[in-house]
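Consider the two complexes below, in which chain A is the common component and chain B and chain C are the respective partners.
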Partner chain A sequence: MAFIWQTLRMFSTTHQSMGTKINIQKPRMPWIERRILNSVTEPLVPPDLRSLPQKCLEKHLIKQNAYKSELQEAYEAFSTKDTFEKLFEHKIVAICHILPMTSRDFFQVRVKMHNAGMKLKFVNNILAKAAIQKSKLQNLELYLTSHNVFILCEETKLAQLMLALKKTPELQLLGGLVEDRILSRAKMQEAAKLPSLDVMRGELLTILSTSACKTSSLLGKHQTELSSILTQLVKERSIC
Partner chain B sequence: MAFALRKATTYLVKRMHLRPVKKIQFTFDPYMKNVTSIRDVASTLHRPEILETNQGTILKFDIKSDRTEPRIDVDFNDGEKLVFKTRNLSQLEILDYLFEYVEEKDPRKNEGPELATKASKGGGKGGKGKKRK
Partner chain C sequence: MALLTRFLGKEGGQKLPELASISTHNFITSLRLFSVTAPMSVIKLRYPKNYNHVKYPERRRLKIIDKIPPLDSGVRPPKMPRDLYTMRGPELIHNKLQYGDYGIQAITGGRLNHKQTETVRMLVVRQMDDRRMFAVWRFNQLWQSVTKKGQGRRMGGGKGAIDHYVFPFRAERILLEMGGHCEFEEVYPLLKAISLALPFRNRIVTHESMAQREAHEEWVEANNLNPFTFKYCADNNILGCNKYLGRYDYIWYNKYR
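And now, the complex of A and B:
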């Protein structure tokens, strides 16, 4: 029986002695018959004649595709599109370049924006570009590089936005969407200086009515002058 | 390649300082195509650890909307000026050239490393250990 076990052990590569440590670093050379079997059954792989850049590219693509997932891509596309649809329901969407700051400073910036009635929103640039393709917001694509943050406001409060941004040098205004119009930084600053809509309507009415008033005053000028002179004359004669 | 670029950028950012720099002005039109590099450089130079190297450096943005080419104007303390036209430059190239100039003009170039003396290390411990009579 012992002889059988010893013989079996000579041909086995998996058999280990009980109670001894596993030999990993210096594996024993297999028996001659095992070695012959291994060399005969070794697969014959044809030589890879591709260039090194091609081999590296294949490795890189395999690694890249390993992280991809159809479900995740679909979810990302859906969530970004949904985010953008909600984003652009706001009246003002200002795109700012955000500079690096500590978390404490960032909290202060958020507080300032909140006090001004604004919200801060971060969106991934690559996903954002994919979301706005073939939509009315396609022209915003050029703003979506580097470090961005979106400032949102449900009302058209451009003056408050400019005031808040003046106090936060960490946010640099690049441009944005104001009531469905893409405006540059300079245009937004000009629009912020304009008075309110009611004041401007009043000014327009006065301008329109000015010409009519002037015409009527010119037409009646001679009559009014004559009547004033005659009243003056009557007063002088009555005194005399 | 991307890993190598990131590694090189991190190496430069760790060693970057603004000691000989008086003012840096970033001029660009954000609606133009090649402004990624200038915006990235502006973000990098605004890092707290780089700003701490010289509190007196002024970093200014001039954002235009008239299709001007992106450029960085650097004014040094010795009066020399350096202009980067960043339309066809990458972030790494700009930081590399800037680092070369900044290292050359560094006022602390010939100073040795700061030595921590025994007194500065053990001053607190000695003070606490002393018994008052």
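And now, the complex of A and C:
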């Protein structure tokens, strides 16, 4: 019955054919009865009965997933490998704690290091730790905390490094890698004080040759002296 | 209560999921440009998007919509009636994205005049990179003439002279489309500026957002706990509403004016 009325209403010739003038662009508020009808017929959706932590978690997860990417693992693998290669191809890799300073002061520090033949490099701690994880340099993890900087040098210029660091109080040496050996701060200072390789080689040769030298000199002495030395040796042997 | 319940439910919280990362991402990257102590993963890496579907139109920049539409020569420009029905109800044909991936959709019916089209065009010309993006109007001309009598004139003396031309449209019409080798985050600021410049209520749409809106509407209809829908009330004369409901209320059921 209602359907018939509606169709008659729509196609009625007696009813006002134009209808009321509709205001599309600046719609006025409908009168109270219409407003009541509009609010009563609003769709009522089942309420969200989850606990507040659960609702907050959903929003948090959406934000978290927005940051995640499908290439993250591949990128991390590449970046760890890259940092490892780039850092540890150097002969000296010293890790220093860096104190806060202005960029102007930092520039001066960088200049000092450059004059000593050193390079400064910042590496993310988590990245560096991941890079050295499964390698022989695992024990460097101790130094990879807080604000630090890597000092790199392609030649073994440990004495120059120590001298440069003495002049820069903003860089506090923690330890590092010198020619495939992990050295602490004290060890590095000791190693820096050592003379050059050639001098050390000479010293070693002299040490090795002193014992041989002594016996050869003894054997080369005059007969009388040699016999007296030998009789003395026999006496000592018999007493023992 | 009614307003609150509208926002509860399954997809109440999400407005534009495509932009979940945009709001905080740029702020974070500006703070932590490089940090030795911060966690590593701040960049979101993605595979390069596939743009094989992109077809550029002849003209990448937005066309100038003429103030006066091309008229037949030797014919007096016709004065037209108001024809407010052309703004009434839903748009059934031009309500989908055809040329690009992103667009502006009107929520209510209305009219566009030359000033508004020029504002939009200037925004697009300034902010769009036409080497890899394009923008396209979804209508040709401001075809409807609007007459006005002089200020302070008395009633009578015939219809007024043509003052300007407009383009009337219905609700849910797509007015502007953008596309190209660009992502939504690149295009969003420009579309937002256009959206604010237009005098009627409108929304920024993508294929995904339109699909999501449809799904949400279906879900609301399926899970509506209120037995008194407008359709039920209109058909059964609840609250004596037949007295004041018009013919279109029985067609559109309060969804469109």
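Definition applied: the second predicted complex is superposed on the first by the 146 of 240 C-alpha atoms of A that agree within 3 Å, B and C clash if a C-alpha of one lies under 4 Å from a C-alpha of the other, contacts with A are read in each partner's own complex, and residues count from 1 in each chain.
What we mean here is this: contacts are C-beta pairs under 8 Å (C-beta built on N, C-alpha and C of every residue); 3 or more make two chains touch, one makes a residue touch a chain.
Just so we're clear, the structure is a prediction, and the values are computed from it rather than from any experiment.
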item: A:37 touches, of chain B and chain C: first, second, both or neither?; value: second
item: Touched partner set for A:189, first chain B, second chain C, both or neither; value: neither
item: Touched partner set for A:147, first chain B, second chain C, both or neither; value: both
item: Touched partner set for A:24, first chain B, second chain C, both or neither; value: second
item: Residue contacts with chain A in the superposition, chain B compared against chain C; value: C
item: Touched partner set for A:160, first chain B, second chain C, both or neither; value: neither
item: Chain C-contacting residues of chain A that also contact chain B; value: 146-147
item: Sites on chain C touched by chain A in the complex; value: 2, 5-6, 8-9, 12-14, 17, 20-21, 24-25, 34-47, 84, 87-88, 108-111, 200, 220-221, 223-226, 228-230, 233, 235-239, 241-242, 244, 246-248, 250, 254, 257
item: Footprint of chain B on chain A - complex, ascending; value: 97, 99-102, 142-143, 145-147, 172-175, 184-187
item: Chain B to chain A touching residues, read off their complex; value: 30-33, 35-36, 39-40, 42-43, 46-48, 61, 63-65
item: Complex contact set, residues of chain A against chain C; value: 2-3, 5-6, 9-10, 19-22, 24-25, 27, 31, 33-34, 36-48, 55, 58-59, 62-63, 65-72, 75-76, 79, 122-127, 146-149
